[in-house]
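Which chain is which? They are A, B, C and D, in the order written, and residues in each are numbered from 1.
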Amino acid sequence: MIKRHNPIRPCTGVWLLLVLLTLVTYGIGEAGLGGIEVVFLLLAMVLIKGQMVADFFMGLRRVRLRWRILLTIYLLLVVSGIALAYLMGIK
Amino acid sequence: MSATFTKSMARNIFYGGAVFFFLLFVGLTFDTMQVLPKRDHRENITPEVVRGKHIWETRDCIGCHTLLGEGAYFAPELGNVYKRRGPEFIKAWIKAQPTGAPGRRQMPQFHLTDAQLNDLVAFLKWTSEINTNNWPPNIEG
Amino acid sequence: MAAPAVGFFLPATQAIMNASTLDKDVNSAMPPGDFAIWIFIYAELLAFGIFFLAYAFTRAHNVELFNASQLSLNRESGAINTLVLITSSYFVVRALAAIKRGRQVFCVRWLAAAIAMGGLFVAIKLAEFHAKFSAGISLHTNTFYMFYLSLTIFHFMHVLLGMLILGFVLFKAHRGHYSAEQHAGVETGASYWHMVDLVWIILFPLVYVIR
Amino acid sequence: MQYKSQAVAKPYFIAAIGLFTGQILFGLIMGLQYVVGDFLFPEIPFNVARMVHTNLLIVWLLFGFMGSAYYLVPEESETELFSPKLAQVLFWIFLLAGAATVLGYLLVPYATLARMTGNNILATMGREFLEQPLPTKVGIVIVALAFLFNITMTVLKGRKTSITLVLLIGLWGLAVFFLFSFYNPSNLVLDKYFWWWVVHLWVEGVWELILGALLAFVLIKVTGVDREVIEKWLYVIIAMSLITGLIGTGHHYYWIGTPESWLWFGSVFSALEPIPFFMMTVFAFNMVNRRRREHPNKAATLWALGTGVMSFLGAGVWGFLHTLAPVNYYTHGTQITAAHGHMAFYGAYVMVVITMISYAMPVLRGRAANSERAQVLEMWSFWIMTVSIVFITLFLTAAGILQVWLQRISATPMGFMATQDQISLFYWLREISGVFFLVGLVLYIASFFIKGGKTVSA
């Protein structure tokens, strides 16, 4: 294996990213923000966080594509379903 | 990289999953038992209603009718028959059976006394007042 | 909020991008751990997914009710619990990394830390439930609380099950059943725990934040 | 036959097929009563015919399960049955009790039967599928416990395999959940709530374990695929069955007075119930495709594959059709339910018992497989019965859709009987399909008596 030079382990980086995104999510909640743009941002963060957990924590980035993509499809379906439902609720 | 799929893990998941979901089911049952009194109005279960249910059972009414949608699908739904027909019609109808109309479905004659008919009606009345989440969709059952 | 974000974000992204090119033992493998757990994981995710969508679409028909009831939720405890679970997941990753390098003692310690975080989650969650139940809120208060309580209790039970599994893995690690070569059991438990984390990552914004 | 004591299974299988025939005959009577209302009235009213039809089904499936267990367990445990004598005695007790019960239904008015059999001491009768008099119910428990004792002791003294373990859990669960049939509170809602603990936790719970174990056993025998592989999938499939099916009970708790939250629990989890059945189909085909030997008993293989497909269609697809609460609101208690019930019972439980009989009976009669002519006839009977049940299901579904439309959705809803008149054509078509089913069954029975051709020795 190539000798690593990055300052932090990849999993630590992911962890920091997840913490950050969670704080942003919380901040949005505290600010009482709503509306399409905010919800889409929140859902985008869910997508990123979910994929990070799948790839780096669950270790799916190193497995056959079909098992990895299954979770990606799952996240996409759930998130887009939630988005669709949100849009329906606006009317 | 371990690409395993072992029988013992499958077995553990079977045991774990079964116990987990059975406990969940028991928990939900417990919760249901807490709120049922508000929905079944058990304070209205009089001795007449109790006797009426016994008559309902010992005549095997469920063998042709449905009650709250469960039973046989040969004869009308009776969960809401009290609201659909009223007490007098029900009693008169039971007394008049069988119709003997050729080729039509027949209901047996059960030789119920007036007191028994009243009990049965009391049971059907209590049943019609259960909170069934608005089922059936209309009065026809 | 933006300034510290960049400070975190850059090294983190860099690390991630480097990482994906680092590992060369790639792309032909099955998911880590016993595949049986993965069938279970996919099935559980499916159940949660359907429940999430049911929530979202029911909300669409009762926006006012959901928005009003959501205000009564304790967002702090939800957010803290998210951090707790993420961190716990991270500890499990470290435990797995430790055993892969043959460091059994570290593996045990990281696992213990992960379980402790799970315990913290449970404690916070119990406090949250206690507050709700003492306020007279139950599954039958309204549709929002039905979903809120079902989803969180269902997830809560998964946390307990996950802790049980991790505890079992810890026990075996402590007994020296795992090594740098042989650690499928750790991977199996870890995968399940990450699933529990993943579900909460969707649940928190959906139920506590989105409005 | 590897173990002498396996022979006790034979009378069980014969009784099962005999009672199956009775079930179908009464089914035809009921089917005709749907369109010629006064047929056989007042001699055999519809409710009596229905009791006989459904109770015979339960009893013959139990005969089938017990026979299968007596055949399977010694072979899996690699030891003789703990007590073949007990098995023989239980056979006669169960058969006589079953026959007496059916005669009771047919000869005595139900209210009189209830009085005669002590229903006033402990009222348990008059609930769908649990119509049996108290002595019969007690008898079922005693026979079941004695049977379980026999089987469990056999397993304990011999080799323990995953298949016997799963079978035992299923059979013990069957006995335990039957105990809820003795609980009959005067509160109808409670009564119904725990009635489902017998009915649902049987057919969508523990019976699926029995189904899985029997199917796995036959697949090991006819395909020669590694036991490890088959048992592994067995565990995964039954795990899925219970994970989805336990909370899935909720799909019966929509409209019987239970709280609204069940609309959600029931819908979400029962929507997943097709998964284990789908896995079972894939599993059966996979194993047969990966077979390591060409077993001479082609008919048994066909039944095994049929079980996979038909249980998925009947229990999985037809169950899913009306399991979601918003759909079930309109379809609950209509012919749609009847359609699902017929195909699910045939596809899952009837077929798995016949699979077992088809595999074991030739062995019990001293050959690995029947002659080719007999097998060809058996396979004809497979197709005729299966296609007939598909048509019965389709016609009942059509009847159900029309019924829902006229009686429940239409702006001017029709009454129940007026609706029934409108859909009588479908009932006629169902009855004709039923006659074809009987023809299939007769051919099936005939296949046991076909001699000649070359037989493969055991």
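Definition applied: a residue touches a chain if its C-beta (ideal position, glycine included) is under 8 Å from a C-beta of that chain, and two chains touch if they have at least 3 such contacts.
As the structure is a computational prediction, the values presented were derived from the model and not from experiment.
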{"item": "Contact-richer chain pair [C-D vs B-D]", "value": "B-D"}
{"item": "Centre-to-centre distance between subunit C and subunit B (centres being mean Cα positions), rounded to whole Å", "value": "42"}
{"item": "Chain centre separation (subunit B, subunit D; CA means) in Å", "value": "23"}
{"item": "Chain centre separation (subunit A, subunit D; CA means) in Å", "value": "46"}
{"item": "Contacts with two or more other chains, residues of subunit D listed in rising order", "value": "232, 235-236, 239, 243, 259-261, 265"}
{"item": "Set of subunit A residues in contact with two or more other chains", "value": "62"}
{"item": "Shared interface positions of subunit B, touching two or more other chains", "value": "1, 5-6, 10, 13, 17, 20, 24, 31, 35"}
{"item": "All pairs of touching chains, each written as two labels joined by a dash", "value": "A-C, B-C, B-D, C-D"}
{"item": "Footprint of subunit A on subunit C - complex, ascending", "value": "1, 5, 8-9, 11-16, 18-20, 22-32, 38, 42, 45-46, 49, 52-53, 56-57, 59-61, 63, 75-76, 79, 82-83, 86-87, 89-90, 92-94, 96-97, 187, 190-191, 194-195, 197-198, 201-202, 204-206, 208-211"}
{"item": "Residue ranges of subunit B touching subunit D (in the complex, touch as defined)", "value": "5-7, 10-11, 13-14, 17-18, 20-22, 24-25, 28-29, 31-32, 35-36, 39-40, 42, 45, 49-50, 53-54, 56-64, 66-77, 98, 100-106, 108, 110, 126-127, 130-133, 135-141"}
{"item": "Contacting residues of subunit A [partner subunit C, same complex]", "value": "1-2, 4, 6-20, 22-30, 32, 34, 39, 42-43, 45-46, 49-50, 52-54, 56-65, 67, 70-71, 74-75, 77-79, 81-82, 84-86, 88-90"}
{"item": "Subunit D residues within the subunit C interface of the complex", "value": "232, 235-236, 239-240, 243-244, 259-261, 264-265, 267-269, 271-272, 275"}
{"item": "Subunit C residues within the subunit D interface of the complex", "value": "36, 39-40, 43, 46-47, 50-51, 54, 139-140, 146-147, 150"}
